[in-house]
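Following are the structures in question.
Paired with chain B in one complex and with chain C in the other, chain A is shared by the two complexes that follow.
What follows is the complex of A and B.
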């Protein structure tokens, strides 16, 4: 049988993250959006929760606790319920660190993982998305040419989270016919980091573009060393994480719209009494539940080590489409209040739209 | 140093509460519970002592049914070292004195240097247990505490008085302080803390294990009900002077002054 009941530990994690999201994330979300930045003390406060370090093995300085993709999906949903921008920023280092834990060479683990096990927030980022039309994460245009004891990287990346402060980037690139990933330090010769990009949503996240102009890095910088790595697995994990963020945004919208509709009176009765509104809210709820089931299934496949590429792709596609639909209908439910900045739904709409393209087009 | 923190698990502040079928309490099935908010400040105060002195042991104690385990695990996830769970049908939901008797038995067994409790509970609101507990184990106590400072042989506390005044009291250890909300910024349980919590011990005991008998409540609740809604409110309108004048008239009319 399949159980959808969280474990006691998962319930505790979820409750703790929910409290954190309500008390420490949501109250600063609008300010971050307006200012297009995230306060450093927020990143430090979320760092103190140990989201990244706890799941790094003790031998590299981490907490040594077992990693659960399902629990992590719950954490992402809760944080994104508070605010997706802050959730994406807070968990961005985990994407990099987990890739090193899972697939890094011993040297890479020894060198890089301790960076995430100190008391101070440390940023490092995945660099997957590329500018230009019809981007496919599994077929990047960025190339890695072997040269003696090094690789030479050429290409461009965009939407790299926290690129303004990341110490390292994990850059995906084509190595002949293979898909590989390479650890590139921010001071690598030939690497140009752009000014923060001006985006529709997730404005506080600070994303940058990377220009890689014949960046020469040692062969040991290839993820996994000589053995290489299964980069598709990293993409799968990233897609499940994005889906969980989109689920969290959708729940935030529904949670905001239901009491609004019960409170907002038009034509002598709350608008929740109007079937057009009630049916819409009901459909939004159904979609939110469907998203959660897909996210949990994909996360469960990841956790069990099953082939998850198809499920992750379907999940991301569904969540991208439906989170946009839910946030759009949130605006519709609020009417004029939906697109003014006194209410958060317009911000969530922009965030959902941006999350939907963070790894390129769904159609690819 | 050993600090004992008394916790109560109460219905979550967002829980929708319905009265049970015989009208004597709320329906507890299918509602969410959490640690009494006052007690979270007491726990935080104890954890701050532990932060400053790693040799400090923080022991959390709670009375209640199986579900209380989750509250204790949360406290362990926040940083407490171990827990005592008094799982005893008679003691759970008993009156303040019997609850204090059970906690006193735990305190005698643990011999803590400090006992921290919340000022009151979100459900019962009696504030009676902390001073009763102190009296039963014959230690000095202070209520409504906003700040604590542990020294070698004593605990200096700042108590909240009426009108915003603060009273500073120094209590020789062992002693008890009931902590007011807002005394500190309560920490969140970290992911690492939660995952480590499952490895920390919870000692489950009955009242008999603690050598306490006759702990069933001596007080009975006749009726629990929501205040009836009525439409007798008068909304005064007009200028400030008119509203004040109207209010004075109403007060005189009702003869309450």
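What follows is the complex of A and C.
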């Protein structure tokens, strides 16, 4: 069936997250951007909502609720409507945990999942992006060489979220012709974690670079153990999640521009009465609606276990292009005020530009 | 639940649509080149096609709602050809959508068997239908119609028309009503067919009404009141757009999909690899651009299905019908024009249908409200403005 009706539960969750975003996320967004950090009690407050632990099976200490990628995408949209940076930070542990739930070996599930089932915020991160031009998540330059009972990892990663505090990293690497992912503990020998990186956007989100110099890890550290894993599925999930963030940012811009245009008077009338402005905001509305429907479809395919690579790819491409357009034109709508940091639109523009080139980070 | 899969029955219906569409496609070029030669009401293959149809699987709770299926079938049908269709009897003009949206049960019963065109545009009035000057004057138990209509889609083949006319010019928009008029009614003439860029096989006609008398009960919806404050009657008429706009979007999308499918096949044959999930640096410029067009299509199709889904749920979809129409209007232009760019010189040859699809779908952003009009409607919704606030 093709249907666009959220379940009652999805509506409830969405409304609750909308309130949370308004009350707890938006008010601290600018501060986090300026300071390039996120208060620990904020991450804890999201942790307390149980977004990560409830979706972990009971046998590993979690809430055992069935994970819905569609619901998760809705949550991300709402959080990102508040602020994409805070949304990414708060949900980045889920990106790691969900990969283990879906594709981890029994051993990996037993040792790693309980970490996310305590009352205290716990960070572990996907390490997917690599430094240098022509980055392609499906063709990492980081290499895993089999050696006796271990793998030796060599390469570099960047934009690893909350890497300053993550206990583990899920590092993607080329293993011969295969794309694999490996669980690397923070204290692994040969692993160097950089100081926080300085980025254009998502500034509050602490990201780090990883240098992997012949990091030797046991064979069992490969995601899925002997069986390996479908790493493309993780990439697909992250593309949908990033798209949901880009959607949330776009909606924030539109929501900000509408009252602004109605208030701002030029040539004796509100600029909202000029077609040049009105049509632009119409296009913003059209695009944020289109983005949402694409996110829903991709998330639903993920949820149903269908092949989603094409849809996720197209969704991410569409959302990257359109969220950049929306945020860029948000600035234009505000004119000079769009350029001033007193208004949030320039921050959203930087965040959209950043999200549009990322991979990994989070997943639904 | 939010989901995007097709039931067995949905799929079987769409397979059937595709089969019919493939028959239609055989005639597409001929009727583009021979504008005066209308496609027959019944194609030679139609009888065999219907005779050999496999029964559809049983209906189930997993089936997609009818309005959404209608949009999907429209996409499938227009994927074959814009104008040539396999049909048993003529049904499905734009007027039929208006009838089902605004007609009384008696009117639906009486008129739904006829193909109804919809006549709005006049030589002096297009995007602003409140300027309609065709008049309807009540004389006893009959309306007397006078005026001229242009760009009437399916105007020649249609057996009747949903005609927009004013019953009180001084009332402006509030005075505009729609009327059901059957072909052959004295005073209703169809002088000629328009010559066009695309959809040439479609019989777009001019209608002239000269003292044309119709029964009083042919007023669509039977609401004769004129309320200047709410322009209720006009809104009633405008409401019909909430289903016709997504269907118009679907028609254009069918052509865009045909263009994408053709281009994909040609690119693949020429050795272009489409690697979904690979980074920009690993794609050729051609593959990357093609995927962008595919994304545009996906977004547009979803916006259209969403709008029809809302209609099926009885939810107000005024904004959504403009969103999908505006999106599809731009998208199908970009897609078909972009496909020609991607395939290069081969694409302009009339040996292929791509150049025709580009011409055919150019109308999508114009009729049933131009892209600009859709954006006006959306902006009014966003700002909570009336049409007086934003023109």
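We adopt the following convention: the second predicted complex is superposed on the first by the 358 of 364 C-alpha atoms of A that agree within 3 Å, B and C clash if a C-alpha of one lies under 4 Å from a C-alpha of the other, contacts with A are read in each partner's own complex, and residues count from 1 in each chain.
Going forward, a residue touches a chain if its C-beta (ideal position, glycine included) is under 8 Å from a C-beta of that chain, and two chains touch if they have at least 3 such contacts.
Not measured: the values here are computed from a predicted model.
Asker: Based on the shared chain A superposition, would you classify chain B and chain C as clashing or fitting together?
Answerer: Aligned through their shared chain, the two binders fit side by side on chain A.
Asker: Kindly classify A:65 by the partners it touches after superposition: chain B alone (first), chain C alone (second), both, or neither?
Answerer: The first partner, chain B, only.
Asker: Just to be sure I read the superposition right, which of the two partners does A:16 touch: chain B = first, chain C = second, or both, or neither?
Answerer: A:16 contacts chain B only, not chain C.
Asker: Mind working out whether A:317 is in touch with chain B, chain C, both or neither, as first, second, both or neither?
Answerer: The second partner, chain C, only.
Asker: For A:107, is the partner it touches chain B (first), chain C (second), both, or none of the two (neither)?
Answerer: A:107 contacts neither chain B nor chain C.
Asker: Could you give the angle made at the Cα centre of chain A by the lines to the Cα centres of chain B and chain C, to the nearest 10°?
Answerer: Between the chain B and chain C centres, as viewed from chain A, the angle is 80 degrees.
Asker: Of the partners chain B and chain C, which touch A:49 in the superposed model: first, second, both, neither?
Answerer: First partner only.
Asker: Return the chain, chain B or chain C, that is in touch with more residues of chain A.
Answerer: After superposition, C is the partner touching more of chain A.
Asker: Looking at A:8 after the superposition, I want to know if it touches chain B, chain C, both of them or none. Which is it: first, second, both, neither?
Answerer: In the superposed model, A:8 contacts chain B only, not chain C.
Asker: Look across chain B and chain C in the superposition and give the shortest C-alpha distance you find, in Å.
Answerer: 9
Asker: Once the two structures are fitted together, what part of chain A is touched by chain B and by chain C alike?
Answerer: none
Asker: Which positions of chain A touch chain B when the two form their complex?
Answerer: 8-9, 11-13, 15-16, 19-20, 24, 48-51, 53-55, 63, 65-66, 75
Asker: If we count contacts the way the header does, which residues on chain C are in touch with chain A in the complex?
Answerer: Chain C reaches chain A through residues 1-7, 10, 62-65, 68, 72, 275-282, 291-292, 294-296, 298-300, 302-303, 305-306, 309-310, 313, 319-320, 323, 326-327, 372, 374-376, 378-379, 382-383, 385, 389-390.
Asker: Could you pull out which chain B residues touch chain A in their complex?
Answerer: Those residues of chain B that touch chain A are 34, 69-70, 73-74, 77, 188-198.
Asker: Which residues of chain A touch chain C once you look at their complex with the stated criterion?
Answerer: Checking each residue of chain A against chain C gives 1-7, 10, 70, 133-139, 232, 235-236, 254, 258, 261-262, 272-273, 275, 278-279, 281-283, 285-286, 289-291, 293-294, 296-297, 299-301, 304, 306, 309-315, 317-318, 321, 359.
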